[in-house]
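Just below is one structure, and these are the notes that go with it.
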Amino acid sequence: MADLGLAFAGLKLKNPVMTASGTFGYGREYGEFFSLKSLGAVVTKGITLEPRAGNPAPRVVETPAGMLNSIGLENPGVDRFIEEELPALREAGATVIVNVSGHTASEYAEVAGRLDGAEGVAALEINVSCPNVDQGGMTFGVDPAAVAAVVEGCRRRTRRPLITKLTPNVTDLTVVARAAAEAGSDALSLINTLVGMVIDPATRRPVLPRGVGGLSGPAVRPVAVRAVYEVAAAVDVPIIGLGGVTTAEDALQFMMAGAAAVAVGTAFFVDPVAAVRVVEGLSDWCDRNRVEWIGELIGAANPGFKGRRPGRY
Amino acid sequence: MLSVFRAPIRESVRVGGGGGRGADGDGQAVFHRLRLHAAAVAEVARPGQFVHLRCALPGQWDPLLRRPLSVHRINRGRGEIEVLFRVVGRGTGYLAGLAEGDAINLIGPLGQGFPTDLADGETAVLAAGGIGVAPLVALAEELAGKGAPLTAAVGAQTAAGLVAVDELGKVAGRVATATDDGSSGYHGFVTDLLAGLLERVARPVVYACGPEPMLRRVQAMVAEGGPRVRGYLSLEARMACGVGACLGCAVRRAGPGTAYYHVCHDGPVFAAQEVVLGG
Amino acid sequence: MADLGLAFAGLKLKNPVMTASGTFGYGREYGEFFSLKSLGAVVTKGITLEPRAGNPAPRVVETPAGMLNSIGLENPGVDRFIEEELPALREAGATVIVNVSGHTASEYAEVAGRLDGAEGVAALEINVSCPNVDQGGMTFGVDPAAVAAVVEGCRRRTRRPLITKLTPNVTDLTVVARAAAEAGSDALSLINTLVGMVIDPATRRPVLPRGVGGLSGPAVRPVAVRAVYEVAAAVDVPIIGLGGVTTAEDALQFMMAGAAAVAVGTAFFVDPVAAVRVVEGLSDWCDRNRVEWIGELIGAANPGFKGRRPGRY
Amino acid sequence: MLSVFRAPIRESVRVGGGGGRGADGDGQAVFHRLRLHAAAVAEVARPGQFVHLRCALPGQWDPLLRRPLSVHRINRGRGEIEVLFRVVGRGTGYLAGLAEGDAINLIGPLGQGFPTDLADGETAVLAAGGIGVAPLVALAEELAGKGAPLTAAVGAQTAAGLVAVDELGKVAGRVATATDDGSSGYHGFVTDLLAGLLERVARPVVYACGPEPMLRRVQAMVAEGGPRVRGYLSLEARMACGVGACLGCAVRRAGPGTAYYHVCHDGPVFAAQEVVLGG
């Protein structure tokens, strides 16, 4: 049996398979299909300072080999999250990464600060794909300075490892990645969703009330693999690769491009046990290919790979 | 623990409706019924719950998402469930193309079913619009099994859209029917029939499933009926996960402020006054 | 029968369905499946000043509901194109739009100049997705100033209508679109391919020899529709929408988002008569929905639509 | 004018090979043969040409691209063609799952076939590696019909990989076989057998189809044979359009400078000296 364990960025993962934020709730629902302990980590739905109701319906629409979502960050707010959701996750034995969102840099920092005191939070994932209300509503994630400000703000308020989750909707991801790394981010997650739209010819309107939504699923995988490949050749911080991971082969693409770990998102909607199958598939693949430790594969397809190699679990 | 099932198809039949497979150019609906072996689902399924079905071959990612279909009938003894659906697009088209011996990948039963405990003196009044009849057959069978008083009305645009009336009739007695074009039964809306039933029945418990305009009308009728009338609506919503994880299937909660239920998890059945339709 | 004819940007199209550059060769191959006269226009494979051999194999790889290509602009060069390919296209009665590529602004301009003299060229489509060798290899298309320079250079050398084809791999497409319009582009085409990568775990290398390739097909459609929607609300020049068009409903999404016409690309590989089916489907849809002239639908789903409405054919 | 055909399946059979559907974990190959009604294709198809098959239901976009398969046999009288393929992935898996009565969307015949005009004194020498035998059966049948002298050798990794040897034998007489593991026939490569045949035959015209390493070896042997030996190779390449429009299926031309042929349009059959393999 191959060793799938990894240690990087202050995280210890029994295997490199996580859940993608927003596709796995707070672990309760899919926790009925498999034990949360079988995954490397559980990344929660995005948490904000105040509770958010989210967007009106419809919030999801299917696209070829993908989907758009416009959930609007529905969540109970950080305080109720800590009280009502975190204990169950902790008890289920999950390694918990909390996804953090906000509309101002100080909102991010405040959420990070409150989570710093909470027990059972292994790391924070900062989602910089929200509109920056202080700067006219462009998302933080397209502006390296804004990303750096958010990361620095969080860094001052927490000792936990910080992962910055980047949006792919930029001309040059490496610039934003460098800004996040230099501002103190311990790891990067990429990619978040692409911006997309579906129009219903019958109603002559976009299907989603806000027009655009976030594109995810197998359709975006080639874009995500390329993003990981490019960023892994530009920065040395560990990368969590995601975007359309459905099988172990997909996960291997990301790891060989340079990701230290992967996350499964939309694939849960197709197969509730997709992530478990990815873990099993990785183990089988390593055995068949005489790979003793999965860490050996990181960056294997990327001659420019700059990353520090993770340690063993 | 929930599981992902591979349910072999025991029977696959086209039901009523017009010609051709898929929604025809002339708007004639095509309906299809599948009988599936899924003992673990049949064991625990309740009327009003649904199953979430994959509509592509393994390893194919288009269409990507599962399709929700109500549990139409439950046969615990044989470990079977039935689904009844209108063929509207790629997903239901795929399902209608399956034959006996094929299998479907499904998860379920999901969601909250209809509350079926009636107080003394209460009568169940079932109202279906079009394919909304699907969950009401399982409901009628359960209510009849409990000996609850029961009456039903089904409406559709045309006679061809009236399906499963016989199945319903077997347990509910006479089923009143209505069509928008008068091609069968009462010429008008099923809610007109419902209005009549609500007058005749002392303490009605309304169970309704159908298109949103119909459900809005039912909601208003239940509200107008005051404490004498209870009402439950089975809703539809675009879904991704089907289990409460993605928050995709929002429906507005009634009450001050903005808050949402999730149809797959809190529903699909809601008490009529709990939700704001079309919100 | 609905009227599908349109006139805009100096072009007259009998219907709004074109071919996407590079997916239709010079019209000969698919011309064996249907008459080129049945389409609004034929857009050729990209032409450069000198002949190009293109990239080594493999050049294509399938992805979920899409594909990557890395053809490398294989083409006979503008002179041989004019001599060997153009006459047949002209004789087939096609409305011909020539896609132009280059590595320097002056190369683009030179190609445009040579085509200006050629008979039977209805318009030029300037593909600014090539690496700019004068500026370190970033594609022209991500830099508004570089796009403007290319357009202005071509404008000086030709009287033909100029269409600028934009790459979606930028943070804000509207900035580039405005630059192209202000520099004298009569119309815009969007989108070109997204940059993507597929890695083969068995070989531990990217499948395409150059690593990345261009993602096209149904998978990218939501990104393309959104791009058209945004740009159509930012500039008033007509837009040709493309990216994953397979059916009339897809074409309607683009037109309702604000496109004056659409192009069919990857769909040809699935169905050689896809474009003809789109034309027929548009005609049927208009008849069923009592739309007399398809021009009425342009921008119908886009409250911010800024475009000038095309004229009748 | 070329057309898109909907070809009904007349016969769908698994052929030889190991257990299970799809390439098994233990590397055992599974082969499948489909007999299709496609009169217009059968009418004009030539050995060495291929058909390009859609491998998804209408309206499904994954898998997206068509799959190229050689014309394995041609029956003009019955308006039928056959394809013979190894089940390796989603496309061939889909095709192998089809049954009599289903239909396939195909275009073809595409590409340039084998030149089959032999000069006096020339002998056709067919060499197949694995599933490379597929196009050679149609070729052998045509050559035999013309009364051309003919001999053949087929190789595979193991005995289970030797397919269609009987069909070939019916027209080519004795077929020499080779396996890498010696489990059937000669213990070694089919190119070793070919070397023997090239020595015994006065003026061989080699027709080869198989994996690239084999074709490279054949190419070298043809070159070494000098003007006495002609040779034709049937190549594979990743394809999108299949008709010459996308320039996706490049193979390097022999000669100075860099230039490419396109396998779908200029090939898939090339004279051995025309192409640079693995370039």
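Here the chain labels run A, B, C and D in written order, and each chain numbers its own residues starting at 1.
The rule is simple: a residue touches a chain if its C-beta (ideal position, glycine included) is under 8 Å from a C-beta of that chain, and two chains touch if they have at least 3 such contacts.
The model shown is predicted, which means the values in this text are computed figures rather than measured ones.
Of the two chain pairs examined here, C-D and A-D, it is C-D that is joined by more C-beta pairs in contact.
Each chain gets one centre point, the mean of its Cα atoms, and the points for chain A and chain B are 36 Å apart. Mean C-alpha position of chain A lies 46 Å from that of chain D. Centres computed as Cα averages put chain B at a distance of 53 Å from chain D.
Shared contact sites, meaning residues of chain D that touch two or more other chains, fall at 61-63.
Under the contact definition stated at the top, the residues of chain A that touch 2 or more other chains are 63-66, 217-219. Contact topology of the protein chains: fully connected, every pair of chains touching.
Of all the residues in chain A, the ones that touch chain B in their complex are 22-25, 28-30, 32-34, 45, 53-67, 69, 71, 74, 217-219, 246, 266, 268-273.
By the touch criterion stated above, chain C contacts chain A in their complex at residues 63-66, 68, 142, 169-172, 194-199, 201, 204-206, 211-213, 215, 217-223, 225-226, 229, 244, 249, 252-253, 256-257, 285, 297, 300-301. Only residues 61-62 of chain B touch chain C when the two sit together in their complex. Chain C makes touch with chain B in their complex at residues 64-65, 218. The residues of chain B lying in touch with chain D in their complex are 56-57, 59-63, 90, 93-94, 97.
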